[in-house]
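One chain, chain A, links the two complexes that follow: it is found with chain B in the first and with chain C in the second.
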Partner chain A sequence: MTTARRRRRQEALLPYLLMTPALVLLVGILYPFSLGLYYSFTSYWLQYPKRFRFVWFDNYISLFEETLFDRALQFTLGFTVVAVILQVGLGLAIALFLHSRIPGRAVLRALMLLPLMMPPVITALMWKIMMASTNAGILNYLLSFIGLGPVNWFGSPWGAIASVLIIDTWGNLPFVALILLGALQALPTEPYEAARVDGAGPMAMLRYITLPLLAPFIILACTFRAMDSLRIFDVIYATTMGGPNDATTNLHIMAYQFAFQWYQIGKGMAQAVVLLLLVVLVSYMLMRLWNQASERTRQ
Partner chain B sequence: MRIPRRWISALLLTGIVATQVAPPAAAQESEALAYYRQAKINWRQAEGQSLTIGLNKHPFTESLLPLIPQFRALTGINVEYLILPEAEYFTKLAADLSQQRGEFSVIMTAPIRNWGYVIPDWILPLDGFLNDPKLTDRAWYNLEDFFPGLLASNRWSGKIGGGIGEGPLYSIPVLSETYILAYRKDLFDQYNIKVPTTLDEMAEAARQIKKNAGIPGITARGTPSVASIGTGFISGLKSYTDNQWGELDAQLKGNLHDPRSVKYTETWVNMVRESGPANWANVQWYDAMEAFTAGQAGMIADADFFAANYEDPAKSKVAGKVGYALLPAGPGGKTYASLSTWALGINKATKNKDAAWLFVQWATAQRTLLNATLGFRNYNPTRASVFNDPEVQKVMGSWGNGGYLKTVARNLETARVAWIPQPERVRLGDIWARSLHEIYFQRMSAADALKRADAEIDKVLKEADIRP
Partner chain C sequence: MTARVLDRTLVNVAIAIAAALLLAWTVFPFLWILLTSLKSPGDIISVPPTFIFTPTLDNYSALVIGEQRGQYSSTRPDFPSFFLNSIIICSGAVLLSLAAGIPSAYALARFDFPLKGALAFTFMSFRFVPFIAFVIPLYLVYQQLGLYNTYSGLILAYQLITLPFTIWMLRSFFQEIPLEIQEAAKIDGCTWFGVLTRVILPLSLPGLAVTIILGFIFCWNAFNYPLMLAGRQTFPVTVGAIQFISYEQVLWGQMAAATLISALPQLILSLMVQKYIVRGLTMGAVR
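The block that comes next holds the complex of A and B.
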């Protein structure tokens, strides 16, 4: 074989070689996913291997008979809506604040990133200690100075919902603020100069220039947060385990309980697939909005 | 390089002193192993093999780990272990057992857990090992030394709805617990409160403590999980019904809606709502134990061996101030507490079965369990000889001015495994605990919540082919 032919052959192989890690990764993701999907159509129940059979959509249909399913679905959707509004709203406010000319801006930006560096489970456990139901918890102790509390954080349904929301918001707010701050810094300056010439005030500039230009980024942040909020697990698992009174049981916690606590793998996987479809549907809708907003901004 | 002479002298002197002062490690080890070598078996018959032990994070595990090097030295068997928190441990264990890969050779289990492992044929009966003279010196091992009730609870015939104490022995108990009432004797004396003997008196005592001392009158587990049912709650219920009631009826249908069960549940839940901690619905066993230890509750109805924690002056604010009593009795005047043991069993899929048995035999040998209790606080002992050892008696005898030992001994007279044997116990308990939350948060009456729980239990047991 001549050197030129050998080189040509090597060059032909190169793309496949470069793709190998991606292919391995794809198989690594696709295999468990396909297995889970397959199990969702079976009666797989760990303790009763002899009962294993293909049951078509039985697991999906039986979901509607589960007493827990209604509550789990309601909490999943309700939590997502509130968490996205809260986190994107506050994230936008923080981004606008850090974008303005304030002293110590660089330090504040660095400090803001701290929650992002902590694993969510650690964040949740830290808050769990701070949110002890009596004044032994630092949060209730601090609230007592302003005449509030003690709040029964994890021991009451609404307290538990609020706790999960606060912990999740604390951990993810910097991410939203960071996306929006980056976007703010990249916005063109001309529209602002023109508006200033026309005598527009700060509120008018925010409403008519900043927000429309930021819209694609806001929708992007909403998409990320919606996807994460729909399938939130770690914070709930480490703090309330879905209680009390199932108030913080979402579809993910429910799927975990069925699959890993009660070993009904078939049913657990069906619930996980429903959750996946929900995530895909919501992300698809938000991505369409994002496309429309991007188009508008370009025009 | 020239080494100064005085350095050499110092070095030699140090060596001489070291050999004179410290007893040779080999001699120490040999002395420790001599006890085991009295057994007429070849401990090194599986030399070179490897075992992985599955362990739950638990005081027993803490007491076992420091002793494992001794087993390695005795048998030449290599031992590795995986320790996980309880929920994760049982999930991992079920995954391993069901896949029949034999990753864990020896498992930490419990009689109530065995019911889920015997039906799919995942764990080995141990009688074959015990009766094989090549593997066990019965006279040396002295199985009869274990408290008969504890050993019996680890036997099961495989009959759903019964058969405890019959059929094969599936695991050997290493730690036992029954459930008693621990109360703040100082506060009870100070406010002239009577130690309760009925459920109503218990609720009243809780109320009095909260009113007078300003702390929760009682603390108890409250998370929506089987763990909140299986200790003080179920023991009290068994006693309240004079042991004439079970969570399933003869046809294996849910029996939580029985009027006696409804009345008991109503009183219990009202008691924890009125006089318990505000966060009862989120209280795990360690929260309850720690709250009582920190002086933040007047009573706790839970595992007897928590006393080791209450009475440890290094971490307890109530050491020496605690009284111990049986849980309130029913109309018949007797208490029927539940009983549980942690135990070691063998995975059927393990390749090194003999080595696994040698480990179980060593870990449950008299000397090992005595060392675990004396050296590392493995309470309560499961062997009579360990329980009655003068040193062990001295420690346990000091708790509650002797009240602890007396209460535990009386409790053991009537204590039995409270649950009805069937593999869906965890699921049933989770459903049951959820119904307590419905009642606690006043979303449903006790009668309705328990009736709904029964319907759910019936559905699950039918789906699992446990009942027709």
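The block that comes next holds the complex of A and C.
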């Protein structure tokens, strides 16, 4: 009797025992994070360690008086909306295109993995070479054939915004396309057969069968892309560094600048926390949408 | 009848153009960087950009040896040691994540316990935290503990990338193994350890391989943690490649060669695990 109970108690403890190594690492991760959270409520400035005191929400309140914060927030949100719409829209088009049994599909699909698996900062450096604003830049040279340009890619605000968008899209379009292509290939065939019997055309099938069935995957792709776009850092760091005139400074770059260029740890951490809350809020909303959509398809 | 034939041809031409555009958009940047890496400084700044030139391996030898013949100097970025740093840090991070992640994934896949959902979610959530929120305090703590600019410090920091990924990927692979096999092993007298080492792990070897390879790739791609937490002795290739942008000039040719060399390992690795990449990037959410 007692041995059975002891064994049961051991069974109940076992999963925690198994998780111990990961939990130790988790604590190692959470400790610095909570320390940083604490710093966001202090006036911690590395150059003036004596001024360190607890200032409650001063750092957060002062953010809203900062004109740069306003612009950075706008750029963060605006960039995310445009990037998600562009990448998911084009990604869906590519997925539908590759799904329609075009010749060379397997090769295209494999080649699309290459941009996807590149380190984002390396991708940015590659495009930096191609986007040289001098006449030696290949992109401006190619654009001149269709009567465009030359674009001052990194020197003008809109050029810089466009270049960050193009680079991010090149690296992440395949992600959306591959998720949606995989989903398309796993769709049930019965609805299509029924629709064909009813005489539905290809556009009607796309509108009334494919898109509704694909909705959960489209939302999932939006979620992943939104979370990465809100936090985009590597590409901006390697190309524009937030410039020119802070045109490409998002919250992530701004927090980096406050913490590591001006050593204002308290303010930098406060910006990092605001960005974190933004990511949590957006992902929460998208996950709710995803839940609704996947329940609808299950019915 | 002829109108329909014409229609088909038009559609085929449109499809061919679309496929060609997609191919060019995907491949041309690689091609151009390859060409750039084979050019001499003079050819790189030629106007208009040239496709025909005498190729040279000077940029690659400058990367490996650290100096370049001709009038253009090198910043001596110690690229081979950056490459070695990447290998050391990534292997260490993946191994540590495996050691901690295998038992955790097993617990999350095969046991029911009160905190299960909360723990799984906590690990998942790290995939979405802005790195700066971690790196600011880590930087300060590392300075105090002497972990700044060390391999072990970086391996620990990389756990933010690999540990959540490893746990969720392995969990999704472990869950695919039918419960009956595990029950049969238990009836034969296997303890939990026997079930893990004799049933679960052998049956999920492919999944294990995929997790290792993808985890390695994600570490290799990491840029922002080492940017802040590594120094010149421990820079991985991603941070090393950006050193070619100096205040005086950008060494375009060497930078092109460096981007190709830094990307090569995981371009090869990712072709090996093609089928699983989407699953890996969504942490097992999309199969």
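The rule is simple: the second predicted complex is superposed on the first by the 282 of 299 C-alpha atoms of A that agree within 3 Å, B and C clash if a C-alpha of one lies under 4 Å from a C-alpha of the other, contacts with A are read in each partner's own complex, and residues count from 1 in each chain.
Quick note on the criterion: contacts are C-beta pairs under 8 Å (C-beta built on N, C-alpha and C of every residue); 3 or more make two chains touch, one makes a residue touch a chain.
What you see is a predicted model; the values in this text were computed from it and never measured.
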Of the partners chain B and chain C, which touch A:Leu187 in the superposed model: first, second, both, neither?
neither
Just checking: does A:Met112 make contact with chain B only, chain C only, both, or neither of them? Give me first, second, both or neither.
second
Who does A:Trp45 touch here: chain B (first), chain C (second), both, or neither?
first
Residue contacts with chain A in the superposition, chain B compared against chain C
C
With both complexes superposed on chain A, which partner does A:Asp246 reach: first (chain B), second (chain C), both or neither?
first
Is A:Phe260 touching anything from chain B or chain C once the two structures are fitted on A? First, second, both or neither.
both
According to the stated criteria, A:Pro21 is in contact with first (chain B), second (chain C), both, or neither; which is it?
second
Can you give me the overlap between the chain B contact set and the chain C contact set on chain A?
132, 134, 260
Residue numbers of chain A touching chain C in their complex, please.
12, 14-16, 18-26, 28-29, 31-33, 35-36, 39, 94, 97, 102-104, 108, 110-122, 125-127, 129-130, 132, 134-138, 141, 170, 174-175, 178-179, 182-183, 217, 220, 224, 227, 230-231, 233-234, 237-238, 251-252, 255-256, 259-260, 265, 268-269, 271-273, 275-276, 279-280, 283
Contact footprint of chain A on chain C as seen in their complex:
15, 18-19, 22-23, 25-27, 29-30, 32-33, 36, 44-49, 96, 99-101, 103-104, 106-108, 111, 113, 115-116, 119, 122-123, 126, 128-134, 136-141, 156, 159-160, 163, 167, 192, 217, 220-224, 227-228, 238, 241-242, 252, 255-256, 259, 262-263, 266-267, 269-271, 274, 277-278, 281-282, 285-286
Within their complex, chain B touches chain A through residues 87, 91, 94-95, 98, 116, 119-120, 222-225, 277-283, 296, 423-424, 426-427, 430, 434, 437-438, 440-441, 443, 452, 456, 464-465
For the chain A and chain B complex, residues of the former touching the latter:
45-49, 51, 67, 132-134, 150, 152-157, 160, 240-246, 257, 260-263
